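Read from first to last, the chains carry the letters A, B and C; within each, the first residue is number 1.
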């Protein structure tokens, strides 16, 4: 069966090659294997990377992130101008932009989309837009965003996926009584201005996107983007199977390659093993409240214990064992790709003796017991905890591992009913405000549900949200990091790149540190 | 042996109380699972208000009896609700995923019979010999290998290296689907065939040693005839029964096989629903499975009744 | 059973068939490993060795090392007691409880039988793995909870088997004789019916033990089995899944251990079945 198909394909190929076609054009069909399928393709109401990384190919935002993820470039907006008092921004919109079905994008679509994204009742990402008061259309190509307070990060926030521009009329015409219901029905046939348009979706099997013929963007040479004719996303949950499919040539690309296989795929002459710098940080979250949920005393409430725990982990060895040297050590709780990150020296260099003396000072010379929640079936989390378990046993900390499934862990975590857990984090915006608001700013979610609180840090953070001077802001974030990292309620382990592998024939794929899969410049060579 | 309509109807009616019991048990059991779908869905970063809002939207904040009442009411309307995770109707999900698993298990059942029956005869006819031991040991290895390991081995060898089969997935039309499902069905079939083979072999050996075969032979009937009529009839019945009884085991194996081979079946759907606390899907799928299994049992009982004159229907 | 008949059966047991011997030898091997792992294992199963990560089988490490540098042979030996414990504890309650329930249901019949029929329908209609996963998810991961989950459901199969056997044996002569002789019902059930039905129960039990170990492996694949760093054959096989190319020995040797144990149980069961059939 395969031989027949192969033969037919070879014949077709031979014919195609001999035809005097536009030989220099890139294009083709890309089959990409994912570990899980999307759930809801709506930029505002979705809640997972599996959705975000697809919607960024269907929809555009006013500004687009640059390839290094640190800055923004024009997208559906071509220019912006801040008022002197910083309380309003005038955005010039790109002309001639059409949605994938040919209808033109208007300033009304922009106003409606941004207000929908900023609405506190909609989805979970509106916190990035809390400064927005209202959006006004002043001309067919201009919108003015009025703010409640100065916001140094607004333009970057307008490059985040939840501010994507949707067609207001088509959306409002979708069946559904509430906004969420409309989002559901509209998301079954998404319509955006992005490089690709939605074709079909068979859940957990495959999702097909095709080139948006009306796309506004051209490449540096003036050629119309995107190059690809079609993308098909297939869902292969098992890592080993996904890689086998890639090696067999049945898919052109596969995401989330396990660390253990990276070296093997690098050595494969048919494959291109790519490691994209990311904002992904991996750490252990500690409950630092005075007592646990059951009333027993919590040793980690003592900052010396937390410091000891940090010093007792040999991060370099851990990176070698768990990630096979693919990951890098951290200098702060933020990744090195996040703006304003502290870069002075590694965080808590390995020092077992210091750990032991700190524990003794805190009264735990005879050791202590602690339990950590891990995600059932995650080889990475098991590897991390097995290694930490081994290292901590040298200083008298007895770690017990408890694998639970995702809902159990999330429920316990949110209720503060845990001692420790393995965690990961990726930024959604190229600014440290998001990560700090979750990790260190206690009013939000009690500092990642750890119960850690520093009132001074809270004040500095609130001030930084309105600070327009970059230099002052950098100093504020340095202060926040210094305070947090003194005796952090977490144990930073490593930052890891996105491991994606492609067949050698695939060119031009980009994954930015924020995680977005950028297919606009990708092509498959024949 | 004629099977009376009365028997069939009686059996069908018997399914109803079982069905209701399953409904109640499952409804309670899934709510004993720690955690809830909303916090799993919204993730760790969601605020408490967001969680409360979604819970209210799905009626998850109402008392359990009310929830059950709502479920029963919509069930009798033919509506199984919407999946909390996928946000699509449960009935549609089941109708698209269950046939895949049925196809897979049917193929696996067929393959296990094809593998088990001939070899069972060989082993039984030469029972006690080296061939018998070799066959039994061979099947034992197949039975004792963890399903996912077997699956990955088969995938690596026959699909990735030899390219004889595609690496997982499902396929478009019937022939293509058969092609894609062969390896996963083989994986499933190996353990079931071991069970079938052993039981069939033992039954045949018992029959061979039994008095009535000697009696028939003494009457002068040829060995082949004896085998054909008596052995077959008396050995086939336990096999059919066994096949039917093991449908549940097949489905359990299908869960893992579908994950390894990336087959979009009901097994993966069930596991995903349990891990996502997707109550409507878990319930709907359980009921659909219960119905199917009950029907399978009915069919095997009828076949058994038809074959065995001692059982009256 | 008459005294004479009992003597005949007893003498026949002394001549054991080859397969039974092999089965006993295999299981004996693993029992020895389970009894005294500290004596036999060359290394500490939990010790990391950074200099020996993913080493293939060699003189130093006969079964190779895993991605933490832990010796596979040692982990395998230490896992023997865990896996044999799984085999025993996933079947102990079901065998005892199921056999007793099945005996009573088969003997008395009536409404007890009808109730039992409903329970059987309920349990058998659920896919076994799904029920186990659900119960383990409710109770929490780990081997104890797995044994509980399996026991809650597993006894039904033994009961059903026992009931079928009892129904057949109930008609036999010696049971009628027992009635005529005025024996109490309980005595008939436990001293006379039970021993005759126990044959197929034992065979089923042997297979079930091997299946218990395999279940541990499936749960290990899903992360709900033995918790790290405990070594258990099934989890060892699951752990090696990502290293099929770079460390095939991690899954292979524990897999062999599972196969051999299963073979051992199966041969034992078949041997017992052969003996019992001839003894009747």
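By definition in this document, a residue touches a chain if its C-beta (ideal position, glycine included) is under 8 Å from a C-beta of that chain, and two chains touch if they have at least 3 such contacts.
It should be emphasised that the depicted structure is a prediction, and the values quoted were computed from it without experimental measurement.
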item: Result of counting contacting C-beta pairs for A-C and B-C, higher pair; value: B-C
item: Centroid comparison with subunit C (C-alpha atoms), farthest chain; value: A
item: Subunit A and subunit B, separation of their C-alpha mean positions in angstrom; value: 39
item: Subunit B and subunit C, separation of their C-alpha mean positions in angstrom; value: 22
item: Chain centre separation (subunit A, subunit C; CA means) in Å; value: 46
item: In subunit C, residues with contacts to at least two other chains; value: 137, 221-222, 241, 244
item: Interface hub residues of subunit B, defined as touching at least two other chains; value: 33-34, 152, 156, 274
item: For subunit A, residues that touch 2 or more chains besides their own; value: 240, 404-405, 408
item: Subunit C residues touching subunit B - in the complex, by the definition given at the top; value: 19, 118, 121-122, 124-130, 133-134, 137-138, 207, 210, 214, 217-218, 221-222, 234, 237-238, 241, 244, 251, 255, 258-259, 261-263, 266, 270, 273, 277
item: Partner subunit C, residues of subunit A touching it in the complex; value: 239-240, 258, 260-261, 263-264, 317, 320-321, 375-379, 382-383, 385-387, 389-390, 400-405, 408
item: Residues on subunit C engaged by subunit A in the complex (per definition of touch); value: 46, 48, 50, 53, 67-68, 137, 140-141, 221-224, 227-229, 239, 241-246
item: Contact set on subunit B toward subunit C in their complex; value: 14, 17-18, 21-22, 25, 29-30, 32-34, 133, 136-137, 140-141, 143-149, 152, 156, 195, 198, 202, 206, 245, 248-249, 251-253, 255-256, 270-271, 274, 286, 289-290, 293-294, 297
item: Residues of subunit A that touch subunit B when the two form their complex; value: 1-2, 39-40, 47-48, 121, 124, 180, 184, 202-205, 234-238, 240-242, 244-245, 247-248, 250, 404-414, 423, 438, 445, 448-449
